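Once you scroll down, you'll see the structures, which are given as structure tokens.
Paired with subunit B in one complex and with subunit C in the other, subunit A is shared by the two complexes that follow.
Let's look at the complex of A and B:
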């Protein structure tokens, strides 16, 4: 025994590295993977042939002389924002700028971006160049265009090839840098290449058609600024990260992300006409009273010794909240009382020391403030006047409805899932019936119902816009499906976890909030993301009920312009491209999220 | 309580006759469907006493120990823990659960929380302890179970023995008066069993009331004040380790001992 130890100590037992998997040279790799057996050879040849035929078909469609790509290029602005007034266009750019800033900040705060080996990047560029060359040869180009594109493809290939050849084995580059360079190249091309021309065209007679190159002319400066803003925000975020605690920073960035959509929509895009007198005399006092009284009440209710009296007060608040709908009063007051009741009911869960209690009260002030501000903003008329029912359309409307639906249906879906798995029979039956009922109705029926009939069910003094009622209907629909996804996650939390939480004396809300939901949501990320992608894509059904979303504009508006009669196919292809780009980004983001939250599991 | 206690105070040498009753079970019965898991189980466990429950698998020992903090509900009889009777009243159950720590066979740590957060979660939200205080206490407990350096890791990054020690620290963080162990070493590799048993011995020495379901005969001999032997949902024999292991009364106990010793 001791002998054995001695030899070990002397180092005769050296750690053996795992054998390296040999890297095949390209010719051998092709032989082994593509031409290894007769059947394999047949498959390779056949599928290559099919791919070439398909590629040729697509390219001859795109580059045919009959295609009116001018219809897409001219109407880019229409496709993006419908008839948003040109003189107010600065507002759209401000929104894009805010999103770029937030993206840059988040990238820095979450330390995003893995590193990619230069060699891999090189081989990617190499194959991209080769694909461009092949496509160029397939496409029905004029000889001069063929030569230009061949040069471009070969240039990219050569650059990639030299990267593969001359860079070190382990030299890497941040993916962020690569992305920024790619964006910079795209934006730089705006300054060099005169892309298309555009104009605001509405109804059948185009008012004016601008000169060639105006897409580049009007967007090259804003896009350049956007890129610079994004980069600046990234470095600002890095600087802030050094000074502020991680958690505080992350929570505040997330809060801004959640506040950004309503803020941009109601304050920036809609340009509300605030009646300052009304705001100062009514809205702000209401908020101040509720903030002060509510904060005091909640601070008192979160004492660890609050006991039964606290629950009674919470129940009374809830009753007053529901009762308020029977008496005439401002909607905002009803909403605030109900919100306060919810906060009061969950107070015992968050009871603790003075710091915790103060944070809970501050949370109430924040939530009530945002609610007041939103209600005020919604009630203010918009100054942006455009033909049609809503002031914005196209991609913006699609994104807007998708984002609001997803944000609203998330908490709703989680609550439904919890209700359906709850042990309380009333909640369980109600939630189960709601989910089964909604899942049994086609989405288009719900959309039509909510756009035409829902406003009739409201009380007389209440008015609701078409888009708002559609978002409500769509959210209800989406939350039912989302609930089923979350329920799958809830069931994957083992019984042992419930027992462990019970055994340390946690109450059911605490157990749900701290133990069950975090684990359940983590498991449900893949189905939840595919659900979000589905919600985003199915906004195209809005075209059927006549909202000016991107599909409606591409299919019904542009092909009716005298200039571009019948140009449906070009625009549909463009719409496909936009949907695909955005969906693909979402799915990429979900893969990153999965990798990130998977860390704790191992 | 026991002035005569010295270093080796645990084991059957202690005189606990004057100690208060911590757990009282009277004719506790439980059924799973038609199967009777517990059949009129009656036993009293004193303060500071260490009781080891032995028995073949399926004998109801886990069910019994889980009834004591109401992870399972007994259907007949009564259970009283530290003077509180276990009924359907939620407040009683929560009170009992915060007095009784439980360690599971499968550890059941919260995989999405770091080790330190696993330990501090319940003190902060159930005991309403200030965060700083809870963290100091958690570090002290992790030192007590011998793994302070793992505080910032996730449970999945620890070995089984380390995870079980974290689970013990998590239970201790609630400052319980009773600790229940449900086969704490059964899911561990042999070389990790000792580190967990050492922690449990130290805990027993410190005067904790403990009820341990285990197959570790060595631990039972060394630490237990009493052995309770169960079979088919009934208590077959109760005795000190010496008498039980050397001179069991019942036939069934003899058969069991002949198979495991």
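Let's look at the complex of A and C:
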């Protein structure tokens, strides 16, 4: 209690940081933690032994002569994108480039990256080198390979050790710099070692799977360019940050991030073959009419004096939106009417001075423009021709389904949670039934239903792709679980918060949007992230219904190629690695997010 | 009051726009068939429904592409290659149909299907035909609403064992007494071997695995004495996976089950069925005459059956709704039966000579009705 110093009247509390635990020298640390009692000594020896045996088993599996690693190396392209045509590979790299640019930009805008002490970096390198040495001794290498790997491990250890020894106590380095150096080393190694090169196959005569001079042949040049683009974007972001206000910059970068997946997927990767005549005669006029009429309507509805009449109009718009399904018309018009209805219903929340109203109307124009553009792009036939029913597969398909499911199920789940905690009985009962119903069905049942049965329930003329219907089914499933996670968060918001919001005269939407949800979502970050990781990993169930995701390709397709008959273990190990890397990155990101919002500290 | 009036006129305007657009869209749907218009009521570019009067043939010609259902993961029959292309015996017959109908062997869209979804895919029109190691059975032909074309590959379930265990090519199911037999779970192979063993009075222990790879891993490691599946798959595994210190043998010479594999399509569409059947027959007849992709050009003007099939005097292809040179394109671009068989199945150790898949003149079952 002596650390707390309460200075009475003002109510300010100053808290001294807890005393730092003194660092023990290595030998004492080992004695303290590993060999402190006979039982601990036994545990240390036994677990070390088990770890060594496991390591030896894994390494002798990986480096055994029976392993057909050529099957993984040759089929990397199949595993990543299934059958994306090689002359179109530029498109894939453009997408990667956009993601690198956005990452670099965001790093600069959010001022990301902490600093790490050089000493810590040194000790990390030291232990990495030692681990490499131990693994080398365990692996069934030839003597020359053993010597080479021992030299590499020892070199890394020595470098790390000298960093520990000779750098100052408080000398630090930006984590970003360290990451860039590590990436640069990895990319540099592409220029020296030909791994990832398509013609790199072990047991048979090297056969290049791509034509010389095409982007598909090699990854070394594109990756180098990507790294440079990322670094350039970072410095560009730094320069822009000086000139533009923080809020505007952050909102626009976030908007680009949200628009990027559909835009890259449907415009860049899918390469729609736009019929310009149709676009000019039909799509653009529809957008213009809706933008103008909608903006005018919303500007009028957001007047503080709109009152009950405004609500009636919003309700009529919603009814027209639903009624539009009774008569044949373009889908885009139905979508736009429904969207306009949502904007009209939430208009009173954004009522205010002229500037706010103008902004709200402009927001409508932006949203309707993006919607028109996406619907047009999705409905235009693709020029990318691949065997199979969808233009990508492998890791790309896994990521596509995971990202779209997560993005769609988030708003849906939040709405369901709000509905379930609502005081309106109809919404509450409907949401509760939906959640309990969906949670009572296994995911694989839903996937099979949506892939095989769902198309049969659609009207005769309506067509929906298998991937699209699976995303719909998976999103419904995921949103039910997500809703329960969010509901937990909602219940943690105390009554006082609700009452305080009511006391200052907030409407229910305002209270929910600005007071309750931010607090509820902050609390539910850990379950939400584990839900996202779960969604990503459970995409592997797609393999059972025969979608060409990474697991299906690794387990069913590659082991059945004449050249690589029976090479299932190698590819499954590779798939494990890919899943682990991606899931681990997600949990790392969530840890950073938790630290940022101060979860568990406040 | 004036406000309300303004409002009403606004809705009227929206309504007019919506009405105008909707009439526009119905025009679109009527005129364009190639590109899907931007409506949910998109023209039937992908939906291939069997109309009461039209045949699938017209739909396929209008679409310009054959949607062919394959396995995508069947060794030597339809493999997905590293660059995403589909190759194999079944895949080549898909190409043959495309060459016959559209004149271009590459106008195929391969749709990889699992065993459970293959028949649904035909019923919903996702694929025009199946070339997916589908056995012709009575229940599928009658109950399931499928029709079957001429058998392209006569397969049958066989057994594989180690010579060191005392088995040889003349062993029979009766010799299996007390053996552990590995096979795939949930397939008819499991049922077939159980029935055959019971019939022969042999007492066996069955081990079922999810994938074939697990079956052979266990077999190699000695976890079972016998593996059993279709003969074509056993031969491939023997060629590729037999370790240096083991010798495997396949028996009995007469398979324990009949597995005739061939094209499968929706029932009651004779026009479409004729096209597929005669594409297969054309490859067989040309093989009988020894005419393949390399020498087909020399025989275009031959008299009789060859000339008729290749589009010469008295040809019947135009009657079937195809172009006169339809089967010339098949032979030229894909090849005759022997060429398709040898290029795909020889690499995994399957040879025609002496098997059920030899021509009828050589004592096999491959036979085609005359083209006249």
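Keep in mind that, in the parts below, the second predicted complex is superposed on the first by the 556 of 602 C-alpha atoms of A that agree within 3 Å, B and C clash if a C-alpha of one lies under 4 Å from a C-alpha of the other, contacts with A are read in each partner's own complex, and residues count from 1 in each chain.
The rule we apply is simple: a contact is a pair of C-beta atoms (placed from the backbone, for glycine too) under 8 Å apart; a residue touches a chain by one contact, two chains touch by 3 or more.
Note that the structure is a prediction, hence the values are computed from the model and not measured.
**Q** Should the superposition on subunit A be reported as showing a clash between subunit B and subunit C, or a fit?
**A** Superposition check on subunit A shows subunit B and subunit C fit without a clash.
**Q** Touching A:500, do we find subunit B (first), subunit C (second), both, or neither?
**A** The first partner, subunit B, only.
**Q** With both structures superposed on the shared chain, find the angle between the C-alpha centres of subunit B and subunit C as seen from the C-alpha centre of subunit A, to the nearest 10 degrees.
**A** Between subunit B and subunit C, as viewed from subunit A: 140 degrees.
**Q** Kindly classify A:510 by the partners it touches after superposition: subunit B alone (first), subunit C alone (second), both, or neither?
**A** First partner only, subunit B.
**Q** Identify the partner contact of A:518: answer first if only subunit B is touched, second if only subunit C is, both if each is, neither if none is.
**A** Only subunit B is touched by A:518; subunit C is not.
**Q** State whether A:353 touches subunit B only (first), subunit C only (second), both chains, or neither.
**A** first
**Q** Could you tell me if A:83 is touching subunit B, subunit C, both of them or neither one (first, second, both, neither)?
**A** After superposing on A, A:83 lies in contact with subunit C but is clear of subunit B.
**Q** Of subunit B and subunit C, which one contacts the greater number of residues in subunit A?
**A** C
**Q** Go through the superposed model and pick first if A:186 touches only subunit B, second if only subunit C, both, or neither.
**A** A:186: touches no partner chain.
**Q** On the overlay, how many Å separate the closest CA atoms of subunit B and subunit C?
**A** Least C-alpha distance: 23 Å.
**Q** List the residues of subunit A that touch subunit B in one complex and subunit C in the other.
**A** none
**Q** Within their complex, state which residues of subunit C touch subunit A.
**A** Against subunit A, subunit C makes touches at 3, 7, 10-11, 13-14, 17-18, 21-22, 24-26, 35-42, 44, 46-47, 49, 72-76, 79-86, 108-114, 117, 120, 124, 126, 211-214, 216-217, 236-237, 240-241, 347-348.
**Q** For subunit A, which residues count as touching subunit C in their complex?
**A** Interface residues on the subunit A side: 74-75, 77-78, 82-86, 209, 273, 275, 278, 282-283, 286, 289, 293, 297, 309, 313, 316, 320, 324, 327-333, 337, 375-376, 379-381, 386-389, 451-452, 455-456, 459-463, 545-546, 548, 553, 555-557, 559-562, 565-566, 568.
**Q** Which stretch or stretches of subunit A touch subunit B in the complex?
**A** Counting only subunit A, the residues touching subunit B are 304, 349, 351-353, 355-356, 494, 496-497, 499-507, 510, 514-515, 518-519, 522, 599-602.
**Q** For the complex, which residues does subunit B have touching subunit A?
**A** 69, 71, 94, 97-98, 100-102, 104, 106, 108-114, 121-122, 124-126, 128-131, 154, 156-157, 167, 170-171, 174
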